[in-house]
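Listed after this line are the structures, all set down as structure tokens.
Each of the two complexes below includes chain A, the first together with chain B, the second together with chain C.
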Partner chain A sequence: MKPNRLILLASLVALAGLGRAATNDYFAQGIRFSSAGQFPEAAAAFGQAAQARPAAGTLVNLGIAEWQRGRAGAAILAWEQARWINPFEARAQANLKFARPVAQVDEPPLKWFETASTWLPGDAWVWLAGASLWLAVGALVLPGVFRRRRAGWESSLASLGFGIFLVAMTANVGVVTRADLGVVLKKNAPLLLTPTRESEIVSTLAAGESARKLRVRGNYYFIRTALASGWIARDQFGLVDAR
Partner chain B sequence: MKFPTIIKQFVLPLALALGGRALAADETNAVAPATGRDFYNAGTKLLAGKKYADAEKMFQSALAAQDEKVQPSALYNLGHARFDEGAGLLKKGPDAQKLNAQGNAALAAGEHAIHESEAALQDARIDKLVSAYLEGRGARHDLRDAEKAVQSAMETYGKTLLEWQRAAEDFKGVAELHPADTNAVWNAKIVDRSIANLVDSVRRMQEMSGRMGRQRQDLGKLLSKLKGQIPAPDAPPGAAGDEDEDDVQPGSLAGQKENASHEGDQMQIPISPEAAGQILNGLSLDGSRRLPMSDKQGAPAKEKTGRNW
Partner chain C sequence: MVLLWLLLEPAGLRAQVSFQIAPGMAGQFQVPQPPVEVIQAATAAVSFDPPVVRAGETAFYRVTIAAAESAIQWPDPIDAPPELKLGAAAHGQSAQVFGTQYRPATTFLQEIRATAAGHYTISNFTVSVNRQQLLIPAASLDVTDTNAAPLPAARRLHLELSATNIFVGQPVRVRVLLPAAEGKTVDGVRDVQFNGAGFMTDKTAMRMSITSVEVNDQIRPGFIFESAVTPMAAGPLSLSAQGFTAPPFSVGPISITSAGGPITLGGAGQVTPVFLVSDAVALNVRPVPLEKSPAGFTGTIGKFYYDPPRLSTNRMRVGEPVSLKVVFHGDGELTRLVPPATPRARDWQIIADPPPAIGFTLIPQSDETTHTPAIPFSYFDPETAKFVDLTIPPQRVTVVGESLPLQLAAADDELKTAAPLKLSSLAPAPGKAVTSLKPLQLRGWFIGLQLLPVLGFLALWRWDRRRRFLEAHPDLVRRLQARRALRRVKRRWQQAVVARDAASFVRHAADAMRIAVSPHLPADPQALVCADVLAQLDEAGSDRNRRLAQTVRMIFAVTDARFAVTPQAQADLLVLRAEVADVLQQLEEKL
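Showing the complex of A and B:
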């Protein structure tokens, strides 16, 4: 390897290390501010940490800080994002169970394949679909490649692989449609008839209310809640899949 | 049967029946709008027919359909419908010039009456007091009428303002959706200018209404003073009951609270034994006379022949 390339690689590794250190700094700052009861500062620190490296734990803490400073919408969104990254995050689940009745909002209504998609993290379903497909294909093709008769267990393995592949694909569809779910961030956020600044207001939404994004136009999302549909300004609606 | 008779008896009624049926079918086939485009078209027809309120509803439905192609045009026409609706309200409402003239005349009459009343109070001549009193009463009546007219006009202006504000927002919305639509920008400017003019008129009217209210109060006080100085035999007719309904001040109601106790306070009025006897014997009239009681049995009441309503 040439010396120039070595230097470049080393500097990249160093930069990654610095970034991680900075994220850890923000996280540590957030913890300190939370312990001191300075929740707005804590929320800002956790927010920066989550932006740099989204992690379920950071988002749970961000949600707690937001809840403590009275922002129910932002708190519910942070916990939903934590669950999106890690569906097994028990604290996020418990906090959502507590917060939704207090904020008087309902859980988003999920279709069956969306519910199935919550059993594993979104990325895991992609890996599972790929692995199961290759397993099934391998179990079917490899005996032929090695010029031997296919055994019974190989056929069963292929069937199992295809079965898992189908389930994983359905769950992947659920992951894709669930990515359009979001949470209203501000209290009494206006739901507009048209995507314009001075539009007529269809209704107002409570902070923390769940809705599904259907379209985007300019600075507005067209969303559907349990009771109404209309346009909402982008800064008043956070998507569960922050990416 | 002759041919013309056949036509008369069968063909004509048949043709009429078929024609009627076809007409009825045409009426019932007028399909209710379902899509954004349908609502937009229906609204445009209503707008052309100057049915602004109905057109407004149709355009709102067109907007609610969220058809991106129809939305800007529907919003533009909605702005038109709202502006025209507001202008119609303004036309139907009281004439601003007449109202101004009425208000100014009432204020001038009030001013004159105040001067006359003050002069009469200083002069203290009965004939002058009576004449000033009568003039003041008339002026106060005119002021009250003008004030009512101004209030009614302000209500109309308020409704128009609401419509025009929405219209301006609609045109601005179109400009936001289609920045190239210069007509919408131009219309928004015109509506804003109309709103500014209307707001000026409302302010002038509010000011006039305030001046009239103050003058009416001043006049009311002077009239009370005049009434106090006019001896009862010289008092003009209706002087006893000419108090303005509006003259009741909130302060005068302050003492009329319901007592907290259930029993209530007993009135402590000294009463003589004679008066007590009168009260017990019958209703007292003028302090001494009792209600006249007949000592005769009398004839039975006549049977009413009138219509029983």
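Showing the complex of A and C:
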């Protein structure tokens, strides 16, 4: 490899290392602020860490800081995001179980394929689908290409691959539809009849209430909650996938 | 019986009455005030001050009537000889305590300038006082020639203003001086009044002092009355002052020594109130260019600045009030500083502090706000005639939302108390991380990544298809192999030409020719001879072809010579490189 390429590669590695170090600095800052009871500052630090590199632990701590400073909606959203990254994150699950009764909001109603998609991290399903599909295709095609008689185990492997692919695809659909779930961030957020500033208010939503985004127009999302549908300002509704 | 007693009992009760204060007792609650003496028969005293003046000098015709000002109907103007020119007139009321009674006295003052020497008399006349006619006695003024020796001038007040070219609304400091007369004690001045249309006097800015003052290039002890006036109208205005002399203290005479010399102060009872006036001072009052006024201009004129604003705390909960204090300083009259108007802000409830304090009580309405609102304020600087922005800048704050519980009592399905739900502890490490929360399924690059296996399988299919085709057409394989071998040998032949290596030149030329014709036969190239090559050339054609055939024969003759019993002399065949190149090109075209 030429020296210039080596230098470029080393620079990229160093930059990546610096970015990760900065993220860890924010995380450590957040821990210090939380220990000192300075929760707004802690939330800001954890927020910056999560923005630079979303991590389950960072989001759990962000949710705790937001809860301590009185923002139930932001806290529930952070814990949902932590669970989005790692469905097995115990702290996030426990905090959601504690916070929802306090905030008097319910869990989002999930369809069966969405429930299935929570068994593994969302990214795992898509890798699983890709790998199983090409494994099955390879098991079917490659013996012919290499002029070998297809063995029994290869047929079984292809069948298994296709089966896994079908299950994974269903879960992938669940992941995609779950990406439209979100949480109301502000207390008494107005649910509007039209996506305009002067619109009539259909209802007011509690902070932390879950809803599903259906459409977008300008600065408004059209959402459906358990009881009503309407438009809500974007800054008052946070999506789980933070789009 | 009991019922009858209950019914008749109220008849014996007395009604409640309010507490009555006896007339003698009520007097004990009131602060005693001396009564005002109502004089049935008012008296008048008339004089000229000074009684003798030179022609062209000013004297004051002073009439003092022992009655309230409102009770007197004074003629305006008064009748006077034509040689006495009437100037400005003034009048004022004073009250003196005599024993246990106030005694009002009103003085009318007429400025008079005699135009010629002589003895002039303003004859007696009557005025209505309390609906009764009061005779004002005659008074005389002696006017000497202008060349006569200077005479003592009439006592008058001196009015000084801090500025005379000012703006509407700009407070101006005024000083009324009363220098002590030659060899006399210092008199005070009371009931000071400023005369002039379009001015507002600030009663809160009054201050009195006794010090050395400079009048007509002479340092004398004098009494100073200071106040502030604010012009309320634009244009040329004039301002004068009037007041009564009064003892500066309520005790006996005091003598002190100052830098300007000894000062003797008169005591109470030694000074009879004398009504004095000052000359009028002209002012030029300009309007403030309000059309250019910035946000936050409240009408404050002067030169101001403030200490850094102080917030009682920069950390608060939603709904918790904090106070913002601002201390202003300035060269102008601070009492005329109009505080900034209370601004409106979405996330704050703002309440202005009651005057004279300048500050605000701020109540955050949301925990999303990070700064207090800017409070617009500006003033007009009369020196530069420009508006100066003095907006109170936003202060950084941290607002914490309403507190949420950290623990919740829980019960299981059988309503038995279970372990309480509570907030978890902090995660000690960031844990599992991702580059983005957006799912891979929705990312464009990942969908592109799925094309790679597809392309791989397509490439594999294409390779298998070509392989099968070549198996069905071995002649194509031979030609391809011959082309590759020919390109390789031709490169070596060209290197021999460059190196002028005749032996390599001949050997590689012959090898190239054999390789080029081998697919046509088909045969191993090493098994081919000159005739095989010539068979692929059209020897019977043009002279050029015959020459090329001859070149082939010469090349092969040299290569075949290595099998000869005796060594053969080798001619320099490098000169045939053009012909050899032609032969190779012709053979390659047939491949």
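As a convention for this text, the second predicted complex is superposed on the first by the 229 of 243 C-alpha atoms of A that agree within 3 Å, B and C clash if a C-alpha of one lies under 4 Å from a C-alpha of the other, contacts with A are read in each partner's own complex, and residues count from 1 in each chain.
Note that in this section a contact is a pair of C-beta atoms (placed from the backbone, for glycine too) under 8 Å apart; a residue touches a chain by one contact, two chains touch by 3 or more.
Note that the structure is a prediction, hence the values are computed from the model and not measured.
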{"item": "Which of chain B and chain C A:Thr115 touches, first, second, both or neither", "value": "neither"}
{"item": "Which of chain B and chain C A:Arg197 touches, first, second, both or neither", "value": "first"}
{"item": "Which of chain B and chain C A:Gln104 touches, first, second, both or neither", "value": "neither"}
{"item": "Which superposed partner A:Asn24 touches (first chain B, second chain C, both, neither)", "value": "second"}
{"item": "First (chain B), second (chain C), both or neither touched by A:Ser156", "value": "neither"}
{"item": "Which superposed partner A:Asn188 touches (first chain B, second chain C, both, neither)", "value": "neither"}
{"item": "Which partner, chain B or chain C, touches more chain A residues", "value": "C"}
{"item": "Chain C to chain A touching residues, read off their complex", "value": "317-318, 367, 398-406, 408, 421-442, 446, 449-450, 453, 457, 460-461, 464"}
{"item": "Sites on chain B touched by chain A in the complex", "value": "60, 63-64, 66, 68, 71, 75, 166, 169, 172-173, 176-177"}
{"item": "Chain A residues within the chain B interface of the complex", "value": "193-200, 217, 222, 229"}
{"item": "Contact footprint of chain C on chain A as seen in their complex", "value": "23-24, 27, 31, 34, 39-41, 49, 53-58, 60-61, 64, 67-72, 81, 84-86, 89-91, 94-95, 97-99, 101-103, 121-123, 126-127, 130, 134, 137, 141-142, 145, 172, 175-176, 179, 240-243"}
